[in-house]
Amino acid sequence: MSERLRITGGRVYDPRHAIDGAIRDICIEDGRVVAALPGDAPTLDAAGLVVMPGAVDIHSHVAGPKVNLARRLEPERRTVPTVPDTGRLYTLLGYTTVFDAAVPLLGARHAHLELQDTPLVDKGFYVLLGNDEFVLAALEDGSDDAVRDVLGWAVRASRAYGVKVVNPGGGAAWKAARGTPGLDDALPGRRVTPRRILTALARAADALALPHPMHLHCSNLGLAGNATTTLDTIAALEGRRVHLAHLQFHVYGGEPGGRPTSRARELSAALAAHANVSADVGQVMFGPATTMTADARVGEMLHDLTGRKWVDADLELEGGCGVVPYEYRERNVVHAMQWAAGLELLLLSPDPWRLVLSTDHPNGGTFLSYPRLLRLLMDRAYRDEQIARVHPQGLEGTALRDGLAREYSLYEVAIVTRAAPARLLGLEHKGHLGVGADADVALYAPDANLETMFTTPRHVLKAGRRVAEDGAIREETWGRTLQATPPFDPAVERALGRVLAEAGSLSLEDYVVGADEIGAAR
Amino acid sequence: MSEVRLTLRQAPSVALEAPCVRPDAFATLSEAAIARLPVEHGREVVALGEFFDVRGEHADQVRVEGDVRRVKRLGAGMIGGSLIVAGSAGRHTGAGMSGGSLVVEGDADDWTGLGMRGGRLVVHGNAAAAFCGAAPGSSRGMTGGLAFVRGSVGVRVGERLRRGVIAVGGSAGAYAGAHMVAGTLVVRGALGPGAGIGLKRGSIVAGGALELLPTFRYACRYRPGYVDLLFASLERHGFDVGAMAAGAFDRFGGDHADLGRGEILKWTAS
Amino acid sequence: MRRSTVDGQPSELDAAVAVAAGLLRAARQPLVYGLLDSTVEAQRAAVAVARRLGAILDTPASASHAGSFRAFERLGAALASRGEYRHAELAVFWACGSDASELAPRPGLARVSVDVGSARGPADADTRLALEPDQEIPALLALRAFARGRRVDAAQAGSLPVEALRSLARRLVSCGYGVVVCDADPAPARRDACRADALTALVRECHRKSRVRLSGLRRGSNPVGAENVLTWLTGFPASVRFGADGPRYGPGEFAAETLLQRGDVDAVLLVGVEPEAHLSNEAAAQLARVPCVALGAVEREGARVFLATSAFGATAGRVFRGDGVALRHAPPQSSDHPSEATVLARLAEALAS
Amino acid sequence: MTDGVPLERRGVAIRDTYAEAFGMRATRLVITAASPRWARIGADALTGFATSVIGCKVEAGVEAELGPSETPDGRPGVSVLLFAFDAAGLGQRVVERVGQTLLTCATAACFDGLPGGTERAPMGEGLRFFGDGFQSSKVIDGRRFWRVPVMEGEFLVEASVGVQRAIGGGNFLILAVDAAAALAAAEAAVDAMRRVRGVILPFPGGVVRSGSKVGARRYKKMVASTNDAYCPSLRGRVGVTSALPDGVHSTLEIVVNGLDRAAIEASLRAGIDAACRPGVVEISAGNYGGKLGKHLFPLHALFAEAAR
């Protein structure tokens, strides 16, 4: 028996199809949008409501070893929700697809265990490469084809959706000698440079035709002067496709070792000039946060700042990770600058299809602050009120001082939270409401307070099921795990096996996640 | 002067979670409304009135009678008023309280005054483990107020104390004042092993025997002025400082395994 | 083949599950205890049962690992997966052995054994340092003070081997890569509330100047799995009560040992554990008086309901290695009995109906 | 009221005029020490050279000697009052004076004597930096104290002091037949007034001989100059309208600052009463025609109220 539903009379925002608030019916059958339904199909009255595709989070941290360490680290404040709550809370905001941005090969099985227990949303992750022995050995001894095959194997073995590169080569260098190599510095004891890692992996991701390009966390995150690194990185990619993660953390001016300032304007211009580059913003929101990153250097830096808890972990043959509880404060000059830099990027954005929303949950703040972020973008008066509250020195030199007037429209919001992330991810059936799309839909009641509007959708549908209504879960369904299936030459396994035999504590088979290890646990 | 009196009618068969017993909350409630407040008896949520006879209403003076050793979280989070437990109280009594007066006339169980933020907490008998201690993971334990125990306390009294004063008439178990950040802990009797471990700042005033950790270093013998202020305050609140009213203190600075800006003042009669 | 039993009498599984569900439902405060020798799949299923029941959920780690939980929550940790230990130039075995081949004797690895009372490290260590039990915490603090560059007064040090500790601290802060190995599930006599904290703080301090990691040895088949599964499903690694407002954490408070001693549970579901190995005599005696449902490969005497399952060794599933790496557990032999996960799923269904 | 009705005590006329006083801000410090002697030494040093805001920006004096039961730390003590025109200025003076005279004074400690005051000025907050990072603080019963390590041991000083509205410049004049009679009467008055709490007599020995008028005739820069109307030697000088009756050959003034009106009234009443003795012709008061301040103390009213 097919399940049908007609959503009637709503104002539809579907940027992929250039629908900007037109009154349309959306017809759903068996979890997909269809062109039409028989007249007797059940209806959901959406008159007066805003209808959007379910939102897609392109960069979050929701599953895997470091996320779970963070949960255990903070029983007293719980910034990082449990796995069941992650699925529920995302859904209650109208998000129906979520990607974890950083899972090491060795943590893939663990990440899938958590994804199996994550209800409601569709989900997946990007596997970490670029500081590991597998890629470094291939780069040193082999050809670009070898790197491509390592990448193909890694995505298949970990059942990942894409590939994430964090501080290319820098993680390995930090681990070996706490060094921070420049783009053309050879890593300690190696002939490989960050530039080589970067370009080879970007090329490999393209060669394998992964649906999402290389997802890159640039070097020198959080450090004064890192805007130069980011600009150099964009130049080094020579027009190859790349997605820059949490761009806000990489746009700082100032002297190395000094107080960072914002160079968001320049990065915005660079984004305009490079159509091959997309990014998510990594907005900082005031309040509690938990920093968790495969960039272990950042963990150490933040621990030195806070002097409190810190999890610092090394992973054999790969990098490691750092977890540090954090708090962003309005009256802290650096935090104010970070907050402003994110808003600058969004308000100066040359193309909403290439700069999308994220808080790098929970690094810049939790995903629960998305509605507040949307209000900041859409409501200038509210934004000005907030601007008046933050440390004034933090705003010096930022475009916020110029009185940026831009207010995002509902149409643009639908782009940066839905249509664009889906397109950047190569998700053909997400982020729009055309025929054949997954019937993931969020319906909002307009409200003068846009934070209120986006905090509690009136209805959320997942694969055609009415899963949430007015802030309560109505039915707990189970989403899919999304994975890419690039080809690779099995011969690469011999080389990988050699690396493991020399320096690992597991066999190659131990790295391979089985088909039976994904999908709903129950 | 009106008062709300709760008398245990039926002993709970397993622990009863009763954080609803708060004098500040009772101030605005009728007798019937108080009796309807929810408590958790194991997995069941039942009305307070199922277990207690409730007499009185609209008062922030509350007296609890009967054997309530299995009743947990009495007065937890209270912000004002007065709560008297006529006998011994269960775990987590007065946890997180930020104001008012809480008196346990008998003994107090584990985690009494956990994360206390203000007000006055008095135990006439003994208190068990983690008196005025810290919640798991929290960087700070008690952050304000005055708490004292006429009898002895168990292990880890005043862990991660941040501000406020804790006084113990008898002895203290192991790791008294562990990881204190600031504040003052006074123990008239002997202290168990590991007193002041991880002390960052703050003071432990020790009236009885104690074995110092090697990471404390001797400074001098004197009688710092604040001690007399503190003792005068304690006496005003009804805590007897005994022989420490005179004499001097040996000051040991530490814990040098940590920040090391705290002190242990060890009393000496001379 | 072993049969499930009800009151000692053989029973079909479904009938026994129905009796178990009735027994647990009738309890005012049930306890689900164990999960130590269980696969991740069984651990998940046990959480689901506990959640449905409104039970308290606990594992033996609440007693054996309490100090480590506390230290992690206060300070965090400096960890490494086992393969990393091959970089080690210095291994300090703190009153324990090691089963990691990466820390076996080899050129370039200096191995130090710190022996505390009768708790001794590897017999073939290069250097040994002997401490009395009451010197253990003072020694850890002195090491940390030395690592910070502080002095220790002879008057307070008493009989501590100050020079040996100073020398060890120097080695820890100057090595290229060091591993401190400790017993993270110590026997009851060695459960000091502050030992893990002092070890963690020491490693953190040394790590400012060198690279040092703490490796805690675990006991049981899948203790790290239990912590991980409980954490991602409830937010907490053990001692969780499913109350009216969701899962609540109560280390000590919701630990099986004290719950039993205080008579605060009136039914127990045992999964993947031999409780007597982890409980005091007093608590075990109370356990014997409480209606009990036990899953396992070996019938439990005195249990009202025994649900026969495959042994851990014969159950396919996933487990976590001691260093936190998830692995597939592929048993050499298979079992005719259903797995714990399967039986728990049936129990959850029976509770729902 | 007793308008127009002559009033006299023990044969001394009390002129029907008023003492004119002005609003100030005041604080009270409680100084304790190992002995009454050292408490007094500290208090005398702290209140030294603090007679008039005209020349030293603060007026201060000893209020009372305190027994151990009256002090926060149970040691012998002295309470002093300090007066200035505003809270900020008062706070600066407190920090300067406590730093110079009590931080340095053997065994002394210094506490806020107005702990209920909602308006606050920093004391230990400013002085703690002498501790060079070795200082520490304690909060006891909601009050914060700084412990500043010193060579002797520790200097204990409360973090802040309460500040309240107060009145400065309450006064009366003793018009006597000669200088000896004026001085004897003034001494008697001071002894009586010092028994009243809440007031200080900031001038040397509690007495001021150089009563002043507001401004000057000849020197425009002077804010105050000699009170020529009461100078016996200027009687009959061109330009002087003497206020002295015949037979008066010497005048002394008593100035009193108080925490409130009632304290000043009690103090004036006690002082005038004691000053009414042989050799004194008349009691008058410094009346500036309302130019000085808004607080007026009619002398006759003091005694009318006492009679009630």
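List of remarks:
Per-chain residue numbering starts at 1, and chain names A, B, C and D are given in the order in which the chains are listed.
Simple rule for what comes next: contacts are C-beta pairs under 8 Å (C-beta built on N, C-alpha and C of every residue); 3 or more make two chains touch, one makes a residue touch a chain.
Just so you know, these numbers come straight off a predicted model, no measurement behind them.
In terms of C-beta pairs in contact, the better-connected of the chain pairs B-D and A-B is B-D. The distance from the centre of chain A to the centre of chain B, each centre being the mean of the chain's C-alpha atoms, comes to 46 Å. Averaged Cα coordinates give chain C a centre that lies 73 Å from the centre of chain D. Touching two or more other chains at once are residues 73-76, 309 of chain A.
Residue positions of chain B touching 2 or more other chains: 136-137, 139.
Across the assembly, chains come into contact as A-B, A-C, B-C, B-D.
Residues 63, 65, 68-69, 71-76, 78, 81-84, 106-107, 109-110, 113-114, 117, 309-317, 320, 323-324, 503-506, 510, 514, 517, 521-522 of chain A are the ones touching chain C in the complex. Across the complex, chain B meets chain C through its residues 13-15, 17, 38, 40-45, 70, 91-92, 110-111, 129, 136-137, 139, 155-156, 174-175, 178-179, 193-194, 197-198, 212-218, 252, 255-258, 260.
Interface residues of chain B, counted against chain D in their complex, comprise 144, 146, 163-165, 183-184, 201, 203, 222, 224-226, 228-230, 232-233, 236, 261. Residue ranges of chain C in contact with chain A, taken from their complex: 40-41, 44, 48, 72-84, 86, 102, 204, 207, 213, 227-229, 231-237, 247, 249, 318, 320, 324-328, 345. By the touch criterion stated above, chain D contacts chain B in their complex at residues 72-75, 109, 136, 138-141, 145, 147, 153-154, 156.
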